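Each chain gets a letter, A, B, C and D, in the order it is written, and its residues are counted from 1.
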Amino acid sequence: MYTRGLLSKTSTTALNDVSLKLDESEPTILTVAGESGSGKTTLAMLMLGFIAPSSGQILYKGQDISRLRGADRMTFRREVQAVFQDPFAVFNPFYTVDHLLTVPIQRFKLAKSKREARDKMEEALTAVGLRPEDILGRFPHQLSGGQRQRINVARALLLRPRLLIADEPVSMVDASLRANILETLRSLQKNYGVSIVYITHDLTTAYHIAKSIVVLYRGAVMEAGDVDTVIKRPQHPYTQLLIDSIPWPDLSRRWGETDIKAREAEHQEITTGCKFYPRCPFAMEKCTVAPPLFQLGTHQAASCYLQDQHPTIPSEHLWKLLPV
Amino acid sequence: MATIAFPQPEVRQPSRATLVLRYLRRNKSLSVGLLILLFLVAFTVIGLLTINPKEAYPLAVRAKQPPSVTYPFGTDFFGRNLYAAMVIGMWQTALIGVLAGGLGTLIGVVLGFTSAYFGGILDATVKGICQILTPIPIFLIQVVIAGSIDRRSVTIYTMALIVVLLAWMGPTLVIRSQVLSMKERQFVSVAKLSGVGDMGIIFGEILPNLLPFIAASFVTQVFVSVYASFYLAVVGLGPLREPLLGNIIWGAQLQGAFFNGWWWWPITPAVAMVLILGSLALVNMGLDELANPRVRRSE
Amino acid sequence: MARFKSLTLFMITALVLAACGGAPAAPANPQAGQASQSAAANTAANESPEASAAAEGDASASASPEPQPISAGPLKDVPRDRTLVLGWGITSPIGVTNPWAIPGYTHQEGNAFMWEPLSYFGIFSDKEIPWLAESMEYTKDDFTALQIKLREGAAWSDGTPVTSKDVVFTFQGQMNNEKLPYHAQFEQFVKDVKAVDEQTIDVTFKMPAPRFKFEVLTLKFDTGIPIVPAHALEKQEDVNAYAGGVEIPHSGPYNLVSWDKNQKIFDLRPDWWAVKAGVMEQPAAERIIVVNIAGQSMDTVAQRIVNNEMDSALDMRSAVIGNIISQNPKVTTHTGNEAPYGYLDWWPNSLWVNTQIEPYNQVPVRRAISLAVDRDKIDEIIYEGANISTIYPFPLYPGLQEFVDKPEVQALVEKYQPSKHDIEESARLMQEAGFTKNGDDLWEKDGQTVNATISGFEGIHSDIVPVLVEMLRQAGFDAAIDFSPSAYQNMAEGNPGLYMFGHGASLKDPYAALELYHSRHSASVGTTAGNNRFSRYANPEYDKLLDAMAPLSEDDPTFQENAVKALEIYWRDQIDIPVIQWLHRIPYNQTYWTNWPTQENVALGTNGAFWAHTGLLVVTNLKPAQ
Amino acid sequence: MSIKKVLQRLGFLLLVIWAASTITFFIPRLSSRNPIRERFAELARTGGFSPADLEIIIAAYSAKFGIDRPLLEQYASYMGSIARFDLGISLHKYPKTVWELIMEALPWTIGLLLVTTILSFVIGNLLGAVAAWPRSPGWLRAFATPFVLLQGVPPVLLGVLLLFFIGFRLKLLPLGGAYSIGRVPQWDWPSFLDLLKHQILPAVSLIFGSMGAWVLSMRGMGVTIQGEDYVNFAEHKGLSGYTIFKDYYLRNALLPQVTGFALALGTVFTSAIVAEQIFSLPGVGSVLNDAIRANDFMVIYGIVLFITITVASLMVLVELIYPLLDPRIRH
C-alpha cells in the first residue's frame, strides 16, 4: 500500500494542522496553492525530509521518514524526488550539467556501464525535448533557463520516482516554455504513474495540470477540493480573492473588480483564530477562534464560518475529498 | 510537443588553458602577482641548483664585499654570500609560509566544514573559541611563545608551528561562513535527493565550489605566516643561524650596516620581503575577485 | 603632484599628531607652564640650534608628558657647550638612586656620578686614588686588620659631614643584609668593624684578607662598594625598597634633576666637598645628560655621535667606530685614530662549559672545541685585524702582562699550545672520545649530538657568537645561537651548552681569575653557580694551590709559583675555552669636551668608561673645548 | 537594543579576558625560565654582583613575587588580582607596578596610534574605494591601485628604509626619540614643534605600513557592493556619479570596515611595538619590548591583557553601536 500522510500540528506558524495523504495506486496531481509565505515550500521540505516537523509525522509507505536508515532511506530518496523553482540554483556551478544526471545514476546504481548511463541520460534529455549533444558537457551558465529546467525534469524522468514534488517548477521559466514543462510533468504522471505534488502560487497553471487543490494561507488550509470546483466556485473569501487576482484574458472584465475587497494586510500575528481574519472583509467575532473545515460537497471543503451551515470534517480526513 | 527540438547556436568550446589565460589577462592583479611569485620561485629553484648552500652561512666567503659579478648581492659582515643566503632564505621562507599556511588552512577547512555542516554544539563551540581568540593580539602571543621555548629547538619548523598555533581562526571563520551559505544552496538539496551522503556533499558538492575561497584563504595564511615569521625573526626570535630574511635584517641592524655603508646587506632581504609579501597580496586580491561571484564576469 | 600630495599628507599628519601626541604634555600646574613659556621666549634668540634646543629644554618646568618621571623642579639654563651628553642604555627603574635598592640599582647609567668610595683605582697608571679615605692600611702583616682614615671635609650633599659612622653603617649593612651584593664577601672575611674616632675605622678579619681592600673597598670597573649616608638610610624601614629618587643625600658632585624614559639629567652642585678640600678642581660640565639608547640601533647611535648630538656612547663594534672617526674628525678614541680604537677591558671572554655534564666532563672534548676555534680568523674578520684573541682567563694589564711574560708561563704556552687551531686533531680527539660523524657531518655518540648552543648576549656578542657557531659547526659540533634572556640562566644553572661570558676578576695579579675555578664554587648540578663560576670545576690538587695563595700578597714567590702551576692546570684541563680579550671602543667627541682619558692622556689612569664606578673621575676631569 | 544583548556582549568580553589571561599566564610557565634569575643576570652582566650569593637573593625575591608556589596557586592568585584590576608588579622595574608602567607610556602610544590608525583608515579606504569604483577616472584608479602593494611592506621595513634615507642620508629629520636630547617637554610651541618633528617618520611608516590592508579590503568590499541592485538602481535613476559614490557605494562599503577597524587595533599595536623600537619612542610598545627582552612576565601579561581588553572592548562597542550606523540591523 502506498500511503503518505502528513501531520503537522500547531507550534510552527509555517504550517499548522495540515494533513494530506496520497495513494500509490492512484497517481494523481495535487496542487498546493497560496501566496508567498503560505507555507508551500515548508511543506515541500517536510515531504522531502530535509527538515523535521516540530510535531506530527511524515509517513512514507507507512514508515516515518525521519527514522529511515540504510537501504530504506536510499529507496525513499530515490522514490521521492523534486523539481525546484530556480533552474539555476540546483546546478552545482563547479560541474557541467552532466553532474546533475550522473550522480543519481551512480548513487542509485541505475546503470551497469558508462555506455548505459550515457544512453539513459540522452534518452531522458530527448524525452524533455533537448538535444543531448547541445547539453552535455556544458556548464549551467551556458544554458538558458528553459533548458536548465528541462534538464531538471529530465532528471526526474530518469529516476522514475513514485512521488515528485514540483515546487513552482515554471515560475522562473519563459512563458513559452511553461506548457512544455507542464506537459512533461503530466506525462510523467500518466505514463509512469508518478504522483505529483505541484506547488504553486499560480492558479492558472494549477487549473491546467492538477486534479485537486489545497489552498494554504499562512500555513493553514483555507479551502481544498476538486480543482475545477474550487477555482470555478471558490467559497472561502481568500480563495475568492486569489481567483479574482488572476488577470483573465477577458477584456470586458476589469481586473480586480469584484465585491470582495480585501483589507490591507495587517502584520499582526494571529495565533488562535482564522489566519485570514486580519484581511477578511467578512471578519466576524467568532473568527478569533480558528474555524474547522466545513465539507461543502463531495469534493470541496473550506475553513470559514461563512460556511458553517455545512457539516464539519476533521482535518485528517481532508484527503478523502480530494479527487484522484 | 514533448519532442520539439530547441535549436542551439553552435558554440565552440575553447580549451581550459585558453580560458585560464583569457581569465588571467582580465584579472591583472592575479597575473602580476603570479608572475612575481613565479619569478621568485624561478630565482629560488635556479639558485638552489647553482649555489653552494654552505655559502649561505658565515665564514664562507670574503666578508663585507659590495655587490659585484662574483657576489651579485654582496657579502655580509659574517662572510655569507648574500646571493646564496637569499636563495636559502627564500626557500626557508617559502617553507615556513607553505607549511604554516597549509596547516592553518587545513585546520580552518576541517573545523569550518565540520562546524558549519553539522552545526549544533560543535558549531557553537568552534565559533565561540574563534570569536574569543580573535581579539587577542596574536603576534604578542607568538612572541611570548617564541621567547619561552628553548633556543635550540627553534627551527624553521617550530617557527611555522608557532605561527600556525593562533592563526587558524581566520580561515575557520571564513570557511565556516561560506559553508553555512553554501549548504543552503539548492544543489545541495538536489544532491541529497540524488542519494549523496554527508561526506559526498561536503567533498563532492561544497568543497569544489569553495576552492577559490580555500585558495584565497591559503594565500592569506601564507601571507600571514610569512609576515609573522618575518617579524619574529626581525626581533631576533628566529633560528638565528639560518639565513632567514628577517634574520639577515636583524644581523645587519646589530652590526650597524647602514652606518657602515653596507647598504646592500639589509636592502637585499628587504626588497625580497617586499616582493614576496606584495606578490602574495596581489594574488590574494586576484583570488578574491575569482571567488566573489559578483565580480566573476560570466563567460 | 604625487609629491605635493604626499607633502600635504605629511603636514596634516604632523599637525594632527602634534595635537594628540602633545595632549598628555599638559603641565601639572598652570604656573609652571607660564614660567616655562617666558623662559622659552628668552632663549629663542640663541643662535646655535643645538644650544637653543638644549636651552629650551632646560627652561622646562617640572611638568612632563609622563606622570611618573621624577624631577627636582624647574631646570636652569645650561648651554650645550657646558652640557655633556652620554649615550647609554637605561634599563633600571626610574628613580632608583639608592645603592642599596634591590633589584634595580646600578651604578651605571650615571648613578656613579652621585656616589663615592673610600678609594678608586686607576688601571692604566696601576695606582690607587685615595678618595673619601685619606688612607687604608693593613695594620698586621698577615692581612687580618685594616685601618681606614677618612679625609677631613668630606661631606654629603645636604651638608652633613662624611664620618666613620657612615663607613661603619655601610660595612655593617653589607654584613647583615643578605640581599646586598657584597654580603658574602663581608661574611666570609670581616669579623668586626669599629669606629675609633670621627675619621678612623678599624676593620678586623676572620682570616687573612690581602685582597679585601682592593676587591671590595676600592671602586674600579664595576666592582667595589660606595659609602652610603647613614643618616639618610637609618630612617628607612626597608633600605632595599627605598628608591632614593632626587632626595637621597650623596657625596658625588652631581644631583639628579630629571629622569624620564628617554634621559637622565644630572646637574653639577656648587658645593662639592672635593673642590673645597682641594682634591679636584671645580668640574666644567655643568650638566650631564645620559641619553637612553636602549633599543636604538647601532646605526642611529653612531650617527648621533657623528652629528655631535652625543659626546660619547657605548659600545661600538670595531667597524662602526672606524667609520665614526672617518666621518667626524673631531671624534677620537682611547687609541686616537688608530685601530683597535679601544682599551683593554677587564673582561676576557671564554666559552664556558659545565664541566660536570656529558660530554663536557671530558677534557679531550673541551680541547677538541678549543682546537676548532680559529683565533686568528676571529681577529681578522670581527676585529679588523686587531690582535685581541686570547688564551688567558685574565686581561693583560701591566701586572698580569709581567706574570705571563715569565719564562715558566711561556714554556707552558709552548707545551699546551692553547691557541692552536687544528680541525684534524680536534677530530682525532673526538673519535678517541667515542664520537662518530653522523649524516649531517656532526659528531654523535649514542644518537646524541654535542649540544654546542652558545648562550650569549645580543648587545655585545652579536658579532662573535655567529662566527664561533660556524667554526664549531665546521668542526662537527651541533652549534646554535642563543641570545634569549635565558642565556644567563643557562650559564648559572649549568644547562648543557657553551656560554660566552667574561671573567670579571683579575686586575693586578692572577689570583682572582684563577680562584674562579676553586672547588668551593663548584656547585653541584641543579644549584646555581655564582657569576663567573660557571665551569663547576673541582680538583683538590688545584684547590691546594689556590688555598696556599690566598693569604699571600702577590709579590710572594710561593704565590707566583703556585699561580704558574694553577695556570698549567687551567690549560691542561682546558677548564674553559678562552677566546677574546674584551675591548671597549668608546668614541670621544671633542667638539664640546676635551681631556678624555686616552692612551696618550693617562691622567688619573682611569679608563674612559663613563658608566663604570670610575666614571665620576672621567666626567669631572673633562675640559670644555671652547 | 536589548539589555540582554548588552549583557551577552559583556559576558563575551569577560570570556575574552579570561582566555587571554589564561594563555598569557601559562605559556611562559611552560618553559623552565626563571624571570628573577634572569633579572639578576641582567644586573650581574652589567657588573657589580660578582661575589654575591645569588641563590639567597633569588630565593628571597622568588618568595616575594610568589613564583616559588605551585602553578595552580599562582594561577588562582593571578586571576584574583586581575579581577581586582591589579596587573601586578614589574620584576625588572621593581617596585613599579605594571599599571604605572602602562599609564606612563600610554599617552605616547595613544597619540601616535590614534592618529596614524585613523589616517591610514581614512586614506586607505578612500583609495580602496576609488580603486574599485569603475567610474573613477583612469588616472585616479591607476594611482590608487598600487597602494595595495603597500600591504606587502611591513611597517618595520618601511621604518628602517625611511630612517635610512631621510634620517641618515638626507639628515632631514631626527633619527629617533620623542624629543630632542635635554628637552623636558611641556605645553609650549618649541616643545610642540620638536615633538612634531620626531613623530613624522614613525607616523608615516605606520600610516603607509597599515594602509595597504585597508586599500585591499575596501577594494574587495567595493567590488562586492558594485554588483548590488541598489547601486545599479541608483545609476539607473540617473544620480550623479559623485552622489552614488558617496551615498550608495562608499557608505555601504564602509560599514563592514568599521568592524574591521576595531579588530585592526590589535595588529596596529603590533606595528607600534616595532615602530617604537626602531624610532626609540617611549610608549607601551617599548615598555613591552623591554619586558620581552628582560622576560619581565608580569609586564608582558599586563600589556597583552591590556591590549586584548582594549581591542575586545572596542569590538564590543562597535558591535553595540553598529546598528546606529547601519539601519538594516536592529537589535
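Convention: contacts are C-beta pairs under 8 Å (C-beta built on N, C-alpha and C of every residue); 3 or more make two chains touch, one makes a residue touch a chain.
From a predicted model like this one, the values you see are computed outputs, not experimental measurements.
Touch-path distance (fewest steps) from subunit A to subunit C is 2.
In this assembly, C is the chain whose CA centroid lies farthest from the centroid of subunit A. The chain occupying the central position, as judged from C-alpha centroids, is D. By number of C-beta pairs in contact, the leading pair of chains is C-D. Averaging C-alpha coordinates per chain places the centre of subunit B 24 Å away from that of subunit D. Mean C-alpha positions place subunit C and subunit D at a centre distance of 36 Å. With centres defined as mean CA coordinates, subunit B is found 49 Å away from subunit A.
Note on chain placement: the centre of subunit A and the centre of subunit D lie 57 Å apart, centres being C-alpha means.
Touching two or more other chains at once are residues 147, 253, 258-259 of subunit B. For subunit C, residues touching at least two other chains, in rising order: 297, 299, 303, 485-486. Two chains count as a pair here when they touch; such pairs are A-B, B-C, B-D, C-D.
Residues of subunit C that touch subunit B in their complex: 297-299, 302-303, 317, 319-320, 323, 377, 381, 451, 453, 455, 458, 462-463, 466-467, 469-471, 473-474, 479-486, 497. If you check the complex, the residues on subunit B that touch subunit C are 57-59, 63-64, 77-79, 147, 151-152, 236-237, 239-241, 251, 253-261.
Per the touch definition, subunit D reaches subunit B in the complex via residues 12, 15-16, 19-20, 23-24, 27-28, 30-31, 33, 145, 148-149, 151-154, 156-157, 160-161, 163-164, 168, 212, 216, 219-220, 223-224, 226-227, 263, 266-267, 269-270, 273-274, 277, 288-289, 292, 295, 300, 303-304, 307-308, 311-312, 315. By the touch rule above, subunit B contacts subunit A in their complex via residues 1-6, 8, 11, 13, 185-187, 189-196, 200, 204-205, 208-209, 211, 293, 298-299.
Only residues 31, 33-34, 37-58, 60-61, 90-96, 100, 103-105, 107-108, 110-112, 114-116, 119, 123, 143, 163-164, 167-168, 171, 175-196, 199-200, 203-204, 207, 277-278, 280, 282, 286, 289-290, 293-295 of subunit D touch subunit C when the two sit together in their complex.
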